[in-house]
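Two complexes are shown next, each including chain A; its partner changes from chain B in the first to chain C in the second.
Our next item is the complex of A and B:
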């Protein structure tokens, strides 16, 4: 039951962990934005700090002031093992605390921002909160401009699969920032995924899925490029892939009754101009990616035969023998592979960790192909290419449903 | 005082509507201590198998202390575990492990009678007539009371009354003479049984199968079945459960006609579930006649039940295929069709497992399971039927369908490491159904096996709540060898079509109510031509059945 007595309209949630170098600028940008775009709203900042020791909390207290700040308990980084790919310890606990506060104070809208970001602008308030406050949207997902090889897991797996499964064209459904309505916040608190395996890394995606699966209005917000200070050594590709894809697959089991009934997908409104963004030059060691793929074929082919049908294995073999200049990973093949891994994950054909990690060379192959094709491409070109990947995932969804319903045990 | 009650595993109070129940005798499933008798530790070891099969609820046959003259339905202590099956700690460990795997557990509550070895009966027979102790059971100085009441076990019992030389009176028993009926006119008996219920609820069990529930109360000038006083007792039990721990399920065993069984649901204030006994023989009859009429008739005569209630559906169970609820002519037909060997007949029924009844014909087995899974209700799978286990007609009573589970091709079918001579029952060893030919291990390594097929069917069924919760409407194609019906629940509409015949059959279905929708075959997710205004034509292979989702066309 919301405690509406506080008269709060908006919650600005900050997740932090030793971010004293950036959090001050983040708060100032957000305060500017609030003054500009939500001046009539009663605002509370909610700080979900994961045990900072560098003065982050103090910096926020000083910037926000005691009357406008709520500090909530969040996960303690030292208590957690492997850091998730977002680099945010105890992220699910932080988000839950912010959303619970939103609900408790009866706020109409909430946005969550990572305190380590360097790219926060006052306009983010306009993009993330105003659609909720003024236009009746329940979920606002950021749309960041990214180089070809950055966020490629999203471009090649998360977005196409999310869109095919849930029918909503959210391009970055696992992004760390979002806006949501009080109604959606209440819905989030009813979900049973908060304590699930993968929650620390999957929670952002699952929140987007929960919004897509319910009767909620979603839109996207153009936020430019996402610049952030790293919180430590970058996670290796295999671990990142395991975390992201694992959380996507884990949610699949929870939402079977939804995604097996969704047909096609629908575009959603976008706030802000996409065209003005610079995608930056392509990056990525294409030769290294292709070699990783070929090495994976040699070393992991036997594992793949547990989940991939012979036709896919043969196509992969052909690809390993293809010269670099003609190296193209077929979209249909790629979609089928991801779906077959999802079925294998569901059936537990082998330890899930092994299965997910064995996807890495295949992803490297797809990424090499993607980067090669996107050399010199405009943002529009990248969008069109990703669109074709998405259409392949939508087309092959029948294959996923068919195999999910009547699995063909390959081994 | 803190509330020590442990919660069951299900969050949805209507969980039983979406369940797939697996019925098993603990003694037959797996023997962990090599004494030749299955036990809770063995069952615990096999929970991963049951989870991978996809069933969601385990119904355990009686496992309580008992002289075992009626396979445990003669209970001598309601609140303990028979030492052959382990200890109470073993049960608790098993229950927790089952809940951790998302499996609910239903246990037996034999309300109607106890063993004659139960302390209540021993006390009663020695107590003076008219005393509170004596009053726990039903006594008479003459056999002439309740004469309108039929004898159920006609092959074994000449009368429902047996003389007790200690009490110097006759005692009433609707089943075997060693199972005296409790006296439910005595409030103390009701209190005792509620205490038994509380004991198991406190341990965390998710439901109770109320055995022989129509016979609780006796009255002169009546059949002593389905009496209003019996319903009052069941309502009291239900009220007690709802007040104490909602979400626990009561499954009533009332081998009666659907109209009589209907009363055991009350207004949603008696049993949550009850068996649909008449359906099962008519499915077998329809298959043998290659005619849908027996099935359609019984379903159309099935009364509606309260929203919170559910039919329990089964093809086979631990008893004989009962023919009590069919006509004399139908019974004759069933005997001729399914039990030419007189050894297969017992009481008023046929004591055979599913696979032998169907001539071990894989297509017929699949068809009947397809019907079981798509009819309105919660299906019950009898242990071993998922691998097509056979039976042993040369074992007495119903023991032929209660042989050890066949896990492997090793000694004792992998059921036990004991000396084979020590087994509670010989394993099936014949050439067709023996454990050399039929076992979990063998079928686990064969992707075309019945076990794999069952896993897939269960997985598929569990994706659609419509099967457990939806309505059912029969279609009437002119070809009576074809059974077609539509299930609906919320936005889901499922068309089920089955060919009861051994030959290919055509079917013209009137799908006028669904013009414009696209049938998508559910197993392969294959899109069929959209439904138009003309009859929808299908060709069905021998014993084929199809499930179609009727979807809106893609825009």
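Our next item is the complex of A and C:
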């Protein structure tokens, strides 16, 4: 039950770990935004710090003041084992603590921001919180202007699959920043995914899925370009892909009854004007990506045959023989491959780690094709191309349902 | 005199008859045991075959890497067929050995007893082989996928090396467990592994020293490659 006596309207959740260099600027930007766009609301900052040793907590106390700050226990710092792709150990515990505090204080709205994110602007409050406070939305997902190769897993797998499965066009469902209503926060706390296997890396995506699957109003908020957030050494592509796609596939198993009923997808309102993107952004090493795909076909083809039908293997072989200038990964082929891997994941046709990592060369091939097609394209052009990928995923969804229901056809 | 001969003959006949009479039940029991064994073996083969088909054993064995191990001696034999045959003949042989003990013959009984005492070792060795085959498959696939994702061109070679290394260790452990050629095995493996390590050390130390030092320098000094700068999520 919410503890409404506190009289709090808004919760601003900060996740941090050794971010003393950036947290001051982030808090100031947010305070500025709150003063401008939510001046009449009673606000509490909630700091979910994962055991900082550099004075991050003290810096936040100093910037926010003791009366407006709630500090919560949130996970641990660095742990043994595979680091999460976002670099935040115990992120699921941090988000849970913030959402629990939102519910406990009976706040109407909550937003979560990474304390290392240097691109935070005061306008983010307007974009992430005002739709909840003033317009009755329950979930606000960020929309970043991202260059061609930036966020390619999201563009090529997460967004198209999320949209086809749950019918909501949220372009960055796995983003770390979001806004949500008190009602949705209560719904989040009822979910059973908090302690699930992929929770540390998949929690952001699962929160978006929970919002999309419930009776909640969602919208997107334009937040400009997202600055780089690096904590420790970045994970390699294979590990990142395994973590992100694994969390997507894991959720697929949990919500079979929902996604098998969804047909098509619906657009959602977007708050703010979409600006430009960084024209100097790196596009990755396309030759290296194509080489990775060809090497993968040569060496991992046998493994792929466990999940992919012969038709897909033949199409992939044709692609390996195609010259770089005509190298094009068909959208339907790509959608079919991702869906077949999802079914293979569910059936455990091989250790899941192997299955997910063996997707890397295929993703490299798709990314190479995507970058080649989008060379010099505007943000609008990229959006249109991603839209075609999404339509292929929506169109191929019937095959996913069919294979999911009659998996023996996969063999 | 004739009376004495007759008495001796009667005595000998009685003794033979006694021996036959005392031996015959054993033979009968042995025959019954053999018959029961054959019936039991056939029953076990039928039930096991059906159970393995129901469990899709061939597909799982293929995925676990047991197909190579169980597919022997011919590629046309499925793993489930091999397993049912092995189980069938094991039951038959054990039944025959059991029936030998019923004859009260000293040497066959001792042989049967020693085989029965050896059986746990055989089973343990078999288990080591099975676990070794599964581990070899898992590790070789891990190496193959990891090496391909690191764009190492000799990924297949590395994977095969790991697979055979694990299989060889498993075979050596199984033979060691059966006390077969223990000293030879120990010596052979010592020479083999020592030789591999020495060869690798010499190859790196003499042939590729400069290349290794350049690679290490690059690793320590250079910024990440272009494709690593991209945030994929």
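Keep this in mind: the second predicted complex is superposed on the first by the 394 of 411 C-alpha atoms of A that agree within 3 Å, B and C clash if a C-alpha of one lies under 4 Å from a C-alpha of the other, contacts with A are read in each partner's own complex, and residues count from 1 in each chain.
We take it that contacts are C-beta pairs under 8 Å (C-beta built on N, C-alpha and C of every residue); 3 or more make two chains touch, one makes a residue touch a chain.
All figures in this text were calculated on a predicted structure; none of them were measured in a lab.
Colleague: Report clash or fit for the pair chain B and chain C bound to chain A in the combined superposed model.
Modeller: They clash: once the shared chain is superposed, the two partners overlap in space.
Colleague: Which of the two partners, first being chain B and second being chain C, lies in contact with A:36: first, second, both, or neither?
Modeller: neither
Colleague: A:263 contacts which: chain B (first), chain C (second), both, neither?
Modeller: first
Colleague: Of the two partners chain B and chain C, which one touches more residues belonging to chain A?
Modeller: Answer, by number of touched residues of chain A: C.
Colleague: What is the contact status of A:360 with respect to chain B (first) and chain C (second): first, second, both, or neither?
Modeller: second
Colleague: In the overlay, answer first, second, both or neither for which of chain B and chain C A:401 touches.
Modeller: The first partner, chain B, only.
Colleague: Run through 329-337, 401-409, 491-499 or 509-517 for chain B and report the one that clashes with chain C in the overlay.
Modeller: In the superposed model, chain B runs into chain C at 401-409.
Colleague: Enumerate the contact residues on chain A facing chain B in the complex.
Modeller: Interface residues on chain A, with respect to chain B: 256-257, 260-261, 263-264, 398, 401-402, 405-409.
Colleague: If we count contacts the way the header does, which residues on chain A are in touch with chain C in the complex?
Modeller: 85-86, 149-154, 158, 174, 228, 234, 236-238, 240-241, 244, 282-285, 288-289, 291-292, 295-296, 299-300, 303, 306, 349-351, 353-354, 357-358, 360-361, 411
Colleague: Using the touch rule from the top, collect the residues of chain B that touch chain A in their complex.
Modeller: The touching residues are 447, 452, 456, 459-460, 463, 465, 491-492, 522-526, 551-552, 554-555.
Colleague: Help me check something: in the complex, which residues belonging to chain C touch chain A?
Modeller: So the residues of chain C in touch with chain A come to 59, 63, 138, 141-142, 144-146, 148-149, 151, 153, 155-156, 224-233.
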